[in-house]
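Would you mind keeping the following structure in view while I ask a few things?
By letter and in written order, the chains are A, B, C and D; residue numbering begins at 1 in each of them.
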Amino acid sequence: MVDLFALIGVWTAAFLTLMVLSFLYKENPFYRLTEYVFVGLSSGYTFAATLRLFVNQALSPIFAGQLEFFVPLILGLLFYAQFTKRYSILYRVPLSLAIGYGLGITIWSVLQAYFLRQIRATMLPLFTGDILTTIGNLVIVIGTILTISYFILHREQKGVYGRFTKAGKYFVLATLGAVFGTTVLGRMALIIQRIQFLLGDAAFPWRALRIGTADEGRFVPIALLAFLIVFGFYMYRKRDVKPEKSTKT
Amino acid sequence: MKTLTSKEKRKMTKAEIILQIIIFSLGFFYAIVYYVRLPVPVLGTGNLQSAADQLFTYLTAILTGAFAIGIINLTRAHANNVKNRRPIWKYSVILLASMYFMAVASIIASPFSLDPQSTVIPKGVYAVFFSIWQFLYYNVLVSINATLFSLLAFFIASAAYRAFKARSLETSILLAAGLLVIIGQAPISNLIWPGFGTIRDWIMAFPNTAGQRGILIGAALGILAFSVRRLIRYPWGR
Amino acid sequence: MRKMDIASDPRLTYVLLILVIAVPILTHAVLPVPVTDTTRAVYDFIENLPPSSLVVVSFDYSTSTVPELQPQATIVAQHLFLRPLKILFVAQWIDGPALTDAVLEAIDRGNKIYGTDYATLGYIPNTATLIGMTADIQSFFPVDTLGNPTQNLPIIKQFPATRQAALVITFVAGEPGLSAYLQYWESRLNIPVAAGSVAALAPGFMPFYNSQQIIGILISIRAAAEYEFLEHAQYSQVPIGLSGATSAMVAQSTSHMLIVLMVVVGNVAYFVRRRGKERSK
Amino acid sequence: MYYRGAAVIEGSQAKAGVATSSDGIHWTKTAVLTMPAGSSGWDAYSRQVDALNIGGVMRSDNTYIMSYASIKSRNSPAQIGLASSSDGISWTPYPDNPVVTYGTSGGWDSGSGGVGAGNFAGSMILAARNQYYVYYAAQDPSGTFTIGVATLPLSIYPISQTTSTTSSSTVTSTVTSTVSTTSETSIIQQTTTTTTPVPQPFVLGSILPSLMIGRISQATLLVITLGGIFAVTRFASKRKLKTRGIPGIERLDNWIRQAGELGRPVFFTPGTGTIQTPDTLAALALLDHVASRCAQNGVRLIVANADFNVHQVTADIVKNAYKKAGREDLYTQDTVQYISVRQFAYAAGVMGLLRREKPALNVFVGDFQAEALEIAEAGRADAIAQFGGTSNVDQLPFFMATCDQTLVGEELFTAEGYLTDDPQTISKLVGPDAGKVIAILLIAAGAILVTLGNQVLTTLLRL
């Protein structure tokens, strides 16, 4: 059975999706409205989350009797000194605590995870029994060295050394090609799911997105039509009488 | 010519020296304790086995104190828009309204509700607000945000035809590698020739790994130098 | 009226893209998806986890990348619930807890009991919490997302600290995400890490797969379809449409082929026009 | 060759895994050690909660013998026990465990270091001169660590005479908290002399467990790398180092000249970064250069911003540039425009500007996210040239594919150094080169050594 509330929910979702997609035709107030509503809702939700954390982490230990948590509470409230004129420097006290511990743990973890571990993992045997792994290892060891050499900045990239860094640039380009290729996979996935939703396709993961259930989904195309009518009418009424300036030149 | 961006070496003010002492001492403490991993005897009564972990609980308590900074900044910015009737003031009103409405609804009934077991709030009110929050979150917020991001797929499609030209040897390498990866990851290519998939996996596993690792090592060195320099003197800037 | 050809007005390409995607969806076409090793590595690791191992699942993405990562999260969570494991749900992004609830509702949780077999701890606000929870969960998560004090939860009694985790899997769309677990859990405590990543970040994570810092990578919606195929093969009660990824594979293929076609055609037109200009000079 | 050994995870890790490896370098974790849930005995708590603190594992004939530490209840002191197993995965505890109890004499071994689940009671067992020796770490009240040793008769786990004699020859003075496979033990043996185990406490300093060797090697490598970086930085800031120059800068200048001849404007945008982002600072340096060139050639410049602070800085830069060239007339109200802080609104605004103004040259350098593609594609349609640059790898492909000239990653910062030719900026850039050279040398040396079969460098870095 179709639940009326869920149906309204699904229709609203469809209507909003189309309001955003209308940007493809032309930048218009429908689209701008969704932007502002999005920023409003996500900021409101973020505030609720950070408030709940403040209650759990800073207040409840005090209520539970650990009175030494008054100190962190006061230091935390110093953040709001930035809104005062005279004491605005004080907000840097809690900020420097965050900066300090951040720098401390970053130094070793970045050294181990991104420098040491990567160098050790590139120490691969250049000649192994199996031909495929040998080629693979050669590409990784030589490729990594050449890519690093490409980013060495203090020497002119000319002559023999220039040939090395040029080869390094080709590895960087192959990498950027891979990034370009996989980014297409990601972007297509985004639009495919939106079109699945707009067509009310049963294969759309309705419950995993908690929008409603498949049987309300069947009625989404009706919202599609409703929006086209409203949008078409709005565009017709709003079309510029005088031809656009740019077509003249 | 001295440009705006190069900062002359001005002397640190007294306040900055104190702040730098805080940053350096906390940073040095964590660098040592965190690396050497010797269990330093416990300060508080908690069952944590090292002072560093115990200190983390206090640090977290301090950092969560800044919970309202975001909402204050947004409110000030958009309240100004409304006050002096900027052209977009109507949108600012909508933004503020939706922000505060969502904040109230989420505080009452959402994964971040302040009273999840509805001890104070009666069950009925909680259920109503929960369905309001659910509608605002899953039907409105997710729909808008996911669609906003999906616009990018269209721009890739139009850029593919109008902008991605093999103008030079460099862009040709990039486009060749890109196209091979695109073909390789489309399941249909496996029916034409399974080799496409292996080519794509090979590009991802070897040349890409080499290039990414080179960039990663370069970035890691940048972060190391950047962090150590800030331990000694943090540029407070503006 | 301006000449509506494809070069000057991108809107024709938009319509083409919509058509190329809508047709396979309406015809419900299905395609077999070959499984890549980075996906199989994650599946095998979870399948071989010894009974009652602790798995930490971290939701590190927002509503904008739901289409890429929600299918992955759903199908992997279903796999974790099919095995005798203890699961803790956390999140480094604020949208995490809400997306976790949606996943938990979508999957079949079998006879698993909240508090004993799994629990949702909620949002990790900073690195201090992320490191601290490896030593003691209760100090950093006094209550779970439902408001129960964590010291009463049997799963927290059994695993007082996440350093005892047999695996942490992060569904990541950016920072903070995989880098935090790599730096503070894997390199310091040798806790195995798996990454479910948006496609744009996957190439950047390959060096970590090569250096075995992560045991595998699930790359965007295609990995969700592969994982669903593996899971359905072994646990037939898992429906094929659960993640919604398999049905998107045909549209995935047609849209990819359209992009390839347009780049090729675009370049051919470019070179023809350039040769024409050179000859006219 | 199939190596089989218990690569035990560091003492404090309650979970002990067995890893197998075919080449001694790459370990795959195959299974987690299991032990039947004990009765209410001395290690009830840890056995039930798997907080098994594995010490060392030795092998005699075909049985494995392990020493492990565990606790009776949540915060009680640790004690050491033994267990044996045939396959190394499922273990049966020694009937009258514990063999070593802490916290009795109040002296040097009064505590095990740490308390409760996180205790550090490291331990190991080996057979020598027909006796079992159990070494364990202990901490006295003042916090200094010492190694204690307990001896047990061979009868508790009878092993044939041959293995006991051969293992006696392998007695080493290094207490390895990780028992490594034969190939690795042989390496560590060469570096340390063998001393007869004398059952009195050793002070930690005198024995360097392998973990400590690892720590020291990593610490020295960090000191060398940082030392190199800051030495080069100091050296560079003294001598005016000419960096490798930027290919695009000359082309940029003549594109601006062409824009002047065509009488069309130049467009510039520094992206969505804040004033502290390195990319945005580099973009501002480039803007300084572009604005002064435009002023000299009498070209109209349009700048679009997403961040309000950046907007104010760009306005100052452009105004100064035009004033210096005496062309204030070109600087109008809408030369520098603030569009919007939100990603897609900013992109839409920029695309509108590009379509209306039809600039001859688009320069978009700085911190860009997904909106970069929209701008690059809209600009490509009308402009004669596009000049892009960012250090964000996810967006670089779209820059490369649509721009005539792109500053890739750190080239953006070199451009900043080159343009401002301020020794401070250049030296900060050139410093990390020292680390890059170290990385290249290490990788090359390591790869060659590994090819020749010598694992010393990889083992050193692994500890």
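The rule is simple: a contact is a pair of C-beta atoms (placed from the backbone, for glycine too) under 8 Å apart; a residue touches a chain by one contact, two chains touch by 3 or more.
All of these numbers come straight from a predicted model, not from anything done at the bench.
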Exercise for review: Could you compare the number of C-beta pairs in contact for A-D with that for B-C and name the larger?
Suggested key: B-C
**Study point:** Chain whose average C-alpha position is farthest from chain C's own
**Key:** D
**Study point:** Length of the line joining the C-alpha centres of chain A and chain D, rounded to whole Å
**Key:** 23
Review point. What is the distance, in whole Å, between the centres of chain B and chain C, each centre taken as the mean of its C-alpha atoms?
Key: 17
Practice item. Take the average of all CA coordinates in chain A, do the same for chain C, and state the distance between these two points in whole angstrom. Key: 13
Review point. Between chain B and chain D, what is the gap in Å from one C-alpha centre to the other?
Key: 19
Exercise for review: Identify all positions of chain B at which a residue touches two or more other chains, and write them in rising order.
Suggested key: 34-35, 37, 47-49, 56-57, 59-60, 63-64, 110, 112-113, 137-138, 141-142, 145-146, 148-154, 156, 158, 162, 164-165, 170, 174-175, 178-179, 182, 185, 204-205, 208-209, 212-213, 215-218, 221, 224, 228
Check your understanding: Counting only residues that touch at least 2 other chains, which ones in chain C make the list?
Key -> 10, 14, 17, 63, 65-67, 101-102, 123, 125-126, 128, 131, 135, 140, 143, 160, 188, 200, 202-204, 207, 210, 212, 219, 222, 252, 255-256, 259
Study note, to complete from the structure: Multi-chain contacts in chain A, i.e. residues touching at least two other chains, fall at 23-24, 32, 35, 39, 42, 45-46, 49-50, 53, 56-57, 61, 98, 101-102, 105-108, 110-112, 114-115, 118-122, 140-141, 144-145, 148, 151, 169, 172-173, 175-180, 182-185, 187-188, 190-191, 193-194, 209-210
**Study point:** Contacting residues of chain D [partner chain B, same complex]
**Key:** 12, 74-75, 113-116, 118-120, 143, 215, 219, 225-226, 229-230, 233, 275-276, 281, 284-285, 288, 309, 313, 316-317, 344, 370, 373-374, 376-377, 380-381, 393, 397-398, 400-402, 404, 409-410, 416, 420, 422, 424-425, 428, 431-432, 435-436, 439
Revision key, fill the gap. The chain D residues in contact with chain A across the complex are 218, 221-222, 225, 232, 236, 241-245, 342, 344-345, 348, 352, 355-356, 358, 393-394, 396-398, 400-401, 408-410, 413-414, 417, 429-430, 433, 435-437, 439-440, 442-444, 446-451, 457-458, 461-462
Review point. Can you list the chain D residues touching chain C in their complex?
Key: 9-10, 12-15, 26, 29-32, 34, 49-51, 117-118, 377, 381, 393-394
Review point. Any idea which chain C residues touch chain B in the complex?
Key: 6-7, 10, 13-14, 16-17, 31-34, 36-37, 62-67, 97-98, 100-102, 120, 122-123, 125-126, 128-129, 131-132, 135-136, 139-140, 143, 145-148, 160, 188, 202-204, 206-207, 209-210, 219, 222, 225, 249-250, 252-260, 262-267, 270
Check your understanding: Which residues, counting only chain A, touch chain D once they are in their complex?
Key -> 23, 27, 32, 35, 39, 107-108, 111-112, 115-116, 119-120, 122-127, 137, 141, 144-145, 148-149, 151-157, 169, 172-173, 175-177, 179-180, 183, 245-246, 249
